[in-house]
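The following pair of complexes shares a single chain, subunit A, combined with subunit B in the former and subunit C in the latter.
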Partner chain A sequence: MPTSPEPIPLLSATGLVKVFHAGGRAVRAVDGVDLSLAAGEVLGVVGESGSGKSTLARLVLRLTEPSAGRIAFDGRDITALDGEAMRRLRRDMQIVFQNPHSALNGRRTVGEAVAEPLRVQGVARGAALDARVDRLLDQVSLPRAFRHRYPHELSGGQKQRVCIARALALEPRFLVLDEPTSALDVSVQAQILDVLGELRRELSLTYLFISHNLAVVRYLCDRVMVMREGRVVEQGPVAALFAAPAEAYTRTLLDSVPRLPRP
Partner chain B sequence: MAPPDLAPALAEAPPSFRVRHASTIRQWRLYAHLFRRSFSSMLGLALVVLFLVLAAFGPWLAPYPGDTAGAVKLSQRLLPPSLAHPFGTDEMGADLLSRVIVGTRISLWIGLIITGVGAGIGVPLGIVAGYTRSRLLRGAIMRLTDLFLAVPGLALALAIVAALGPGIANCIAALALVWWPGYVRLVAAKTLSVKEELFVEASRAAGARTPWILWHHILPNCLSPIIVKLSMDMGLAVLAAASLGFIGLGAKPPDPEWGAMISVARSYMPDWWWYSACPGLAIFLTVLGFNLLGDGLRDILDPKSAGR
Partner chain C sequence: MSALLAIEDYHLAIPTFDGPARVLNGIDLALEEGETLGIVGESGCGKTVLARTILGIGPDRAERKQGRILFEGRDVADLSARDWRGIRGVKIAMIFQDPMTYLNPLFTIGRQLGDAIAAHARAEGQARPGRAARRVRAATLLDQVGLREPERVLDYYPHQLSGGMRQRVLIALALSGKPRLLIADEPTTALDVTVQAQVLRLLRDLVETLGLTVVMISHDVGAIAALTGRVAVMYAGNVVEEGPTARVLARPLHPYTQGLLAALPEIDGAIRRLSGVPGTIPSLIDPPPGCRFHPRCPRATALCAAERPAMRGADPAHRVACHHADLA
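== the complex of A and B ==
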C-alpha cells in the first residue's frame, strides 16, 4: 500500500503547553512544542529525565488535556474533540507505555488485556475475537498459550510484548512508544526493538518514539527532536543531527552514552 | 462486524479447563497453602463452616426441632445440662441447644443482609467518590460518610429503630442503613490509588468508557480488602443484631434469636446460668470465627494492610 506523497502530516501539534500545578508551584512540563509527523515516519524524542517527553506523548494522544496549543490528526483538529468522537479516534492512535510492569492489570489475563481494545471498541467478539488475539500474540512472537497467564508470571520483555500486542489490536496507524525498552534488560531491549522495526515495515506504521537511549533512536528513527525542560532545543534528520549537533545540550547527551556501531 | 479477512479459528482442539485456568488454579493453591499454615485462620474457617452448616441444616440437626416452635413442656422447665439436654432447657421446657441451632439461620441471615446491603450501598458510593474528578461530588459523599461515621453505628441504629418501631425487620433495616460508611471509606481510598495506575490509563487509551474501567479495573483491585471487611463485619453485624434483640428492639423472644434469648435469660441469672450460656457462646463463636477468617484472608489477600 504505497503512501502517495501527501502534504498533510498524519499528526501535527502547534504551541503545545502543559502546566502542572503541584504543591502550589507551576511546572511547565511541556512548554510550546511544535511537531509534525508524516505518515510512515518515525520521529524520535530524546531528552533527559523530566524533560517532558512522557507528558508530550500523553498530550498528543489527548490522555492529558493541554493547557494551550492545538493537535491535529490526519488533517483534523482533535484538540476539542468530545469524549465519544475521541474514543472512536483511539482506534487509529495507540501507546506503549514506559513501564510494562504497571501497564498491565495484575487481575486480568494476558488474553483479556490484548482483547480489551477490541472489546471496548466493539470490533470483535466471540470466536473472531479469540482468533484475533491469537494472531496478535503471534505478531509479537508470544506463545498462544500465554493468553491464559497472568502478568506476574511473565518476564519484563514478555509483558512489553503483551503491551505492544494490545496497542496493535485496533490496527492503529500511529503508535506512541514511550521508552518501550527502558525498563528492560539490555538483551531483551534488542528483541523488542526488532519486533517494533518489523511491525513498522509490515504494517507501515508511524511512530513517535521516545527514548533517552540515543543508540536506539539512531537505529529506529528517521528524524529526532531533542527536548529540555519542556522545550525543543534542536531537531532534524537523525544522521545529520548525530553527525553535527548544533546545541551544546545535544552534544552532552551524545557524549553521555556509549557509541554503538550502526547496525 | 468482524472483518472478512479473519480466518475462522484454527482447527486446534480447544484447551481443556485445567490448561486454560492453570494460572488461576496455581494461585488458589498458593492461597490455600498459605491459609492452611495458620492455625487461627483454619479455626476461623472451621467455625464459619460449622455455623453455615447449622444455618443450612439446623432444623434437621437439632435434637428437638419441635421445641423451637414454642412447645410448652412444663415438666422439663429449666433443667440443668444433662445428656438429654447438653445445654439445659429454658423456662418453657424447650431444649436450649435446639433453639440455638435453629436460631443460627436467623442470625446469619441478619448478618448477611446487613453486610450485603452495607457493601451494596458503600462500595458503589466509594468507587464513585474515589474515581470522580468532581471535587464537589467527592466532597459531598465523603462529608456524608464522615457524618455517619462520627456517630457510633449502634447508637444511630437505636435511634432509627426507635423511630421505626421495634421488630426484626426494622432492626435489620436500621443496621443496614448505618453499615455502609465503612465501605465508602475503604473503597474510596483504594480507588484513589488504583485509578492512578498505568493500566487504567492504558485502558482509557484503548477507548474504554468509565463504566468499563470501573468494572474491569477498579473493582477487581478493590476486591481483596472488601472481602476481608465483609468477613469481619459478618461477625460484628451478628453481634449488633443480637444487641438490639437483647435490649428488646430486635427479634422478639419466642423467636429463637440469640440476642432475644439472652434478654429473657437475664432474669434467670445466676441460678440458671446455662440459659444464657448457650446463646452467648454461639454469639461469641460466630464473632470469633468470622474475625479469625477475616484476619486469615487479609494475610493472604491483602498482606500490605495487615498492620492496620
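== the complex of A and C ==
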C-alpha cells in the first residue's frame, strides 16, 4: 500500500504498443497498456499464451523497442535512453527467466555466472568480487561451495536460485520475474516463492511478476493486471479482484483453475 | 472380477555408466474397467516410465527385473513388437503432453484420422473402408471430441489448429480404435488454463458416455483432482499412497503427499504460508535404504532407514507406505 498521498511510481508506462510484423500481417502484441508500479510493490501480470504479458515485460526493460508509448523509471523518461545512460540504468532493472536450464551457460561455473554482471559493470573485482559472490549465494540460500559447480550438477530449483543471485548482483531496485517457477516442481516452486518473498522484504525490491498461474500470483503479488490479446482486461488488488472480478474473462480464467478437495 | 490392468510387484532398472538406476521399485496397481486412475508425482518419480512401460514403449535398454503387467489377464511386459500390434493403439490408446509432436505436419487431419480408421478396420479383418466412409467416420470422431465444424477441420493441417484443438484431434485418434484403456500422459500440461479446463471436461464426458478406462499421469494435482476417481502418489520409483482421489487429497496420510499439498498455492480461501518439501529427490542409482523418502521426512526414525514400509491402511481402499502414518 502506498503511504504518501501521491508517490512517484518507480516504474510507469503509458500507451505502450508493440506491433510485430509476421507474414505480411501486423500483430499488436501489446496494444495500449498503461501501468504503474510503486516502489516496494509486487504487480502480477496474468494472461494466457499470446496475451502479450512477456512482450510487456521486455518492453518495460527496454529489451524490446516499443512501437509507441512512454516508459519512465524513477520519474525519468527512459523511452529513448541509449548508450552509457542505458547501460547504467541496467543496474537498476534485472530479469529472471522461466527456464533456468537455458538461462545459464553450461561452460561457466556458478561463481562465474553470478560474478559476470559485477565484472561487466566494473563494480568489483578480486577479493571484493569473491566476497560479493559469497554474499549473493547466501541470499538465495545456496551453499558457498556451489560457486565451483557447473549448471549440469544442479537441480532446476538450484539453477533458478543461481539466476536470481545473478539478477541481484548489481543491487537492482526492480526485477522482472518472467514465469520464474513454471518449469519447476511444486515443492521446489514453494521454496523459490519463499526466497523471492524474503528478498523483497529484505532488499525492498519491486517486482513485475509475469505468470499464467493464478494461484502463484495470488500468493506473491499485491496487485494484479489481467491481460488478453495485448490489452488490459482489468486490474486491482489481487485478493479483492480474484474474490470479485468485474470482467467475464477474469471470471472464466478463475473458474478454469481446478479446485482441490478440502478436508 | 478380474482387473483390466494389473501391475504386480513390477521392478525396472535402466543401466547407466554409474550402475543400474532403479526407476520402478516394486509397483502394485490394479485398475477395473471404467475406473479413472491418476498417477501423480514430481519429476523423476517414475510416473512417465511407468506409463510408457504399460504401453510397451518403455526405455530401450531397460532391464525388467521382476514382476508382471497383466492386461486383460495376459502378461504384456515382454511381448514382441508384432504381438503389441493388436494391443497398442487399439486396445490401449494414448495421448501425450505435446499434441503437435504426435501429428504429422504434412498431412491433413482427415488423412491422418482416415489412415487410423483404415488400419483399425484391417486389424479387425474388415474390408478397407472407402474414402467417403472414412471421412464420415473421421467427422463423427471429431464431433465426439467437441470440435465444431468437423467437416472443415478434416481439411486442416495441424499447424492451422490451436493447441487445444490439436489435443482434441489426438483424443479423436486415440478413440478411433475403440480402446478399452486410455493412457493420458500430462494431457493438459502444455495448454492454457481455460483450454485445460475444456479438455478435462471433454475427458470426463468421454469417461461417462463411453465408459472409458483411464490412467492419467500428471504432476498437476488439480488436473488429477478434476478427472480421476482414484489416485496413486509416486515418489522415487515407489507408489507411496493410493486411494480415492477426493480422500487422498483432502486427508493425505503419507508425509510426502502432505508435503506436496502444503507446497501448493490455492486460488481461493485464506492465503497460508507455503512449505516446500525440504531436500531434493534421491539418486535412483544409489537410493536411500528402507523408505526412499526418509532422508527428507519430518517423521523419520531408525526404522525408516532399516526397513521398507509395506502398503497398509485402516481402510483397504486407502493405503499408505509409511511406518509412522496416522491410520486412526
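Going forward, the second predicted complex is superposed on the first by the 251 of 263 C-alpha atoms of A that agree within 3 Å, B and C clash if a C-alpha of one lies under 4 Å from a C-alpha of the other, contacts with A are read in each partner's own complex, and residues count from 1 in each chain.
We adopt the following convention: a residue touches a chain if its C-beta (ideal position, glycine included) is under 8 Å from a C-beta of that chain, and two chains touch if they have at least 3 such contacts.
The structure displayed is predicted, hence computed values, not measured ones.
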Combined model on subunit A: subunit C and subunit B, fit or clash: fit
First, second, both or neither for A:Lys159, with subunit B first and subunit C second: neither
Which of subunit B and subunit C A:Ala124 touches, first, second, both or neither: first
For subunit A as apex, the angle formed with subunit B and subunit C - C-alpha centres, to the nearest 10 degrees: 80
Subunit B versus subunit C as contact partner of A:Arg173, first or second or both or neither: neither
First, second, both or neither for A:Val188, with subunit B first and subunit C second: second
Which superposed partner A:Ala103 touches (first subunit B, second subunit C, both, neither): first
Partner chain in contact with A:Lys53 - subunit B first, subunit C second, else both or neither: neither
Partner chain in contact with A:Leu63 - subunit B first, subunit C second, else both or neither: first
Touched partner set for A:Tyr219, first subunit B, second subunit C, both or neither: second
Overlay on shared chain A, then closest C-alpha pair between subunit B and subunit C (Å): 10
Overlap of subunit C and subunit B interfaces on subunit A (superposed complexes): none
Residues of subunit A defined as touching subunit B within the complex: 61, 63, 87-88, 90-91, 94-95, 97, 99, 102-109, 116-117, 120-124, 127-128, 130-132, 134, 145, 148-150, 153, 163, 166, 169-170
Parts of subunit B lying in touch with subunit A, wherever the complex brings them together: 1-2, 6-10, 15, 19-24, 27, 197-199, 201-209, 212, 216-217, 220-221
Of all residues in subunit A, those that touch subunit C in their complex: 48-49, 155-157, 185-191, 193-194, 212-216, 218-219, 239, 242-243, 252-263
Residues of subunit C that touch subunit A when the two form their complex: 42-43, 163, 192-197, 200, 219, 221-223, 225-226, 245-247, 249-251, 259-269, 271, 274-277, 280
